[in-house]
Amino acid sequence: MVSLFVGGAVLAVSGWLVWLSRGREHRGHSVAGLLALAALLLWAWMVAFHAPVERAQGLVQKIFYVHVPCVIPAYLGFGLTALAGIGFLRSRNESWDRLAAASAEVGVVFCSLILATGPIWAKPVWGHWWVWDLRLTSTLVLWFIYLAYLLLRGFAFGSDTARTFTAVYGIVGTAAIPFVYFAVDLARGDTLHPSNPAREGLPAAMSETLGAGMVAFVLVFGFLTARRLAAARLESDLLEASERSPVG
Amino acid sequence: MSGARVAWAVLRKDLLLDLRSRDRAGHMGVFAFLVVALLSITLPESPEAAGAWVPALLWILLLLTSILGLARSFAAESEAGAVATLAGVACDRGWVFLGKAGANLIALLALQLWVAVLAAVFLDVRWEAAGWRAAAVGALGALGLASVGTLLAALSVSVRAREFLLPVLLFPLVLPVLVICARLTAESLGGDPTPGLWWGVLGLYDWVFVLIGYFVFDHVLED
Amino acid sequence: MTGGEVYLAAAYAIVGLVLLGYAIFVERRIRALRRSRESSREGGRAG
Amino acid sequence: MRPGALSVPAVEIRGVEKRYGALLALRDLSFELDQASFTLAAGPNGAGKSTLLRILATLTRPTRGEVRLFGKNAFGREAAELRGRIGYLGAEPGLYGELTVLENLLFAAELRGVGRERIEWLLSELRIESVAEQRVRTLSLGYRKRAGLARALLGAPDLLLLDEPWTGLDAEAASGLTRFLSRRLEAGTTLVLASHAPRDPGDLFGGVLSLDAGRLQSLDASRATPAERP
């Protein structure tokens, strides 16, 4: 049941962002902002009161409710970047390129948060900061792909080829992610991560709280990406305006 | 205009250039020789301690050395202003990618042969025990590196600081090749067995990135 | 209570601050871009 | 002359714009060129001539606007087939320095599926047989230019695009080139040449398309098709 909500939120946000990137005007930001805020508040309340304190790890286990929800926006971000890359290559419409840039930037923020909260949780529970386990390691590699993408975008800034090349790398990078997951599974099969936080395996209160967190974070991702998209549109309008005005 | 002829022409031209200007082969050969020598000196004496690490180290060495070759793979075009010649083919430009990737594949296979000889001499790796399996892993791994590497080399040829950028772009994407090939090579040398599934994943990886390279190259050659 | 609260607080604080910080960064960037667009528009008319 | 309606213009450009980041290389360009016409794209350096030529050769995609060659969309599904009908020589001859002239031409011929006799004919026509076996790296600019021209002409193109073909040529070579181009014109090839110092190549002049700062200043397209030329 919970995954239905999460899936719905992911589809809704992705659809909204794609629609937003195509159109001229920017509507719905304040609505999305309020929705995200409401979801965050609900999630925070649930973490504090609804979710029980886990017997084995104690209170620190509640990092679970902030660590895991970051995963979806991190992978959703790069997924949208790849989708936008394909869109750009087919239509050469700059709005796709702006969506790719915005979702990559916000996606890398969430990806970094996974890598930050992971060790903070691992230290008290397993005694060392970095835990070479399947999910965390694949997320680290995803973070490197993000880094490479943003560096390429930075180094090739401006020319048309920049947009084409970043679109291509977004596609190739996303195609590599499942292989990275398999390969890390082979190399580091032993996973210290809780066997599989399949929400079904968790007691109801826990999985509901986690679900709320996921929905909230997806909405936050949507809101931040929409705002970043608006900034990107202003940038390109400014770039174009600077040419129109009589330059020397 | 059959694309296969174009790919074959591009491949032959690249090999002819490699034979004639030999610096690409020279760079890779010397670099590999140096690193294997360093390995043989620094690795601990007892063979079984080193044995487990050698396949992984060899594949990392192959990846690092292939960067030298890949970074040069479009140098001839950009120096001669011949990107337009390649971009002007009368068929899908993906065939140019296949030609280029083929030439890089052959260069990587030659490099693997050289590294295998070095490993046998300096790290006393007994390849005869591995036989065809090691060769098969080498070929599949080389194809993976060549396909992703050629595409990213084409991407970064006209970008600032490409010597730095190519490895940064390439390494995260080829990590699966590295991990799987190191394990399969170790297994072929008598290490602990790995499930056959991983041969399939390696093959799928090669297939996916050759296809992506083919379909995307039309845009990459456009400037 | 174990020392876990410190880690718990740290995790939530980092996530909160980073997301808030990024949101502010984007809003400020939008405001700056709007200002320079206004000035370039005046510039355009005056030029 | 390739079969195909002579009425369809060789080149149709509508609202073409090309932006490199903040730099607008071409601004809202629109014009048409007939088949078998000669057009000299003139204008100071940086006017956008080379960019226009690269767009006509389908090597560079315009940021905005539509490009149709021989009635077909230059960046659509027929792009590959159109490329077979275009010959392009950029500022760089596009030849590999380490290969000989002949090896370069054999390679370019295979890219176009052209036989060896075409190469022999071009070598003699452009009088570069003597250097055919030498490496391009060792040749003078004049020889390299003519070898580049041979490469551009391999596929018997209907549209020939040459960027500054006369620069670096001595008088004798320049007039040789001019005579050669006029023969191509008579054979029905559409020619578009770019030059920043418009030399007067004798009777070749047909239309002049002058560009400045990426904007079309004028297009004096006196439709000089082969038949009417004096």
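Order as written gives the chain letters A, B, C and D; numbering starts at 1 within each chain.
Everything below uses one rule, namely that a contact is a pair of C-beta atoms (placed from the backbone, for glycine too) under 8 Å apart; a residue touches a chain by one contact, two chains touch by 3 or more.
Note that this is a predicted model, so its numbers are computed, not measured.
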Of the chains present, which has its C-alpha mean closest to the combined C-alpha mean?
B
Check: interface with higher C-beta contact count, A-D vs B-D, is B-D
Rounded Å distance, subunit A centre to subunit D centre (Cα mean)
48
Where the centres are mean C-alpha positions, what is the separation of subunit B from subunit D, in Å?
38
I'd like the Å distance between the centres of subunit A and subunit B, where a centre is the mean of that chain's Cα atoms.
32
Chain centres from averaged Cα atoms put subunit C and subunit D apart, in whole Å, by 52
At least two partner chains per residue is the criterion; list those residues in subunit A.
160, 242
Residues of subunit B that contact two or more other chains, please.
222-223
Set of subunit D residues in contact with two or more other chains
60-61
Taking the touch rule as given, give the residues of subunit B at its contact with subunit A in the complex, in rising order.
148, 151-152, 155-156, 158-161, 165, 168-169, 171-173, 175-176, 178-180, 183, 194, 198, 201, 204-205, 208-209, 212, 216, 219-220, 222-223
Which of the residues in subunit D come into contact with subunit B in the complex?
54, 57, 59-61, 80-81, 83-84, 86, 88, 90-99, 103, 107-108, 110-113, 136, 151, 155
Subunit C-facing residues of subunit A, complex:
57-60, 62-63, 66-67, 70, 106, 109, 112-113, 116-117, 120-121, 123-124, 220, 223-224, 227-228, 230-231, 234-235, 237-238, 241-242, 244-246
Subunit C residues within the subunit A interface of the complex:
1-5, 7-8, 10-12, 14-15, 18-19, 22-23, 26-27, 29-30, 33-34, 36-37, 40-41, 43-44, 47
Considering only the defined contacts, which subunit D positions touch subunit A in the complex?
18-22, 24, 60-61, 63
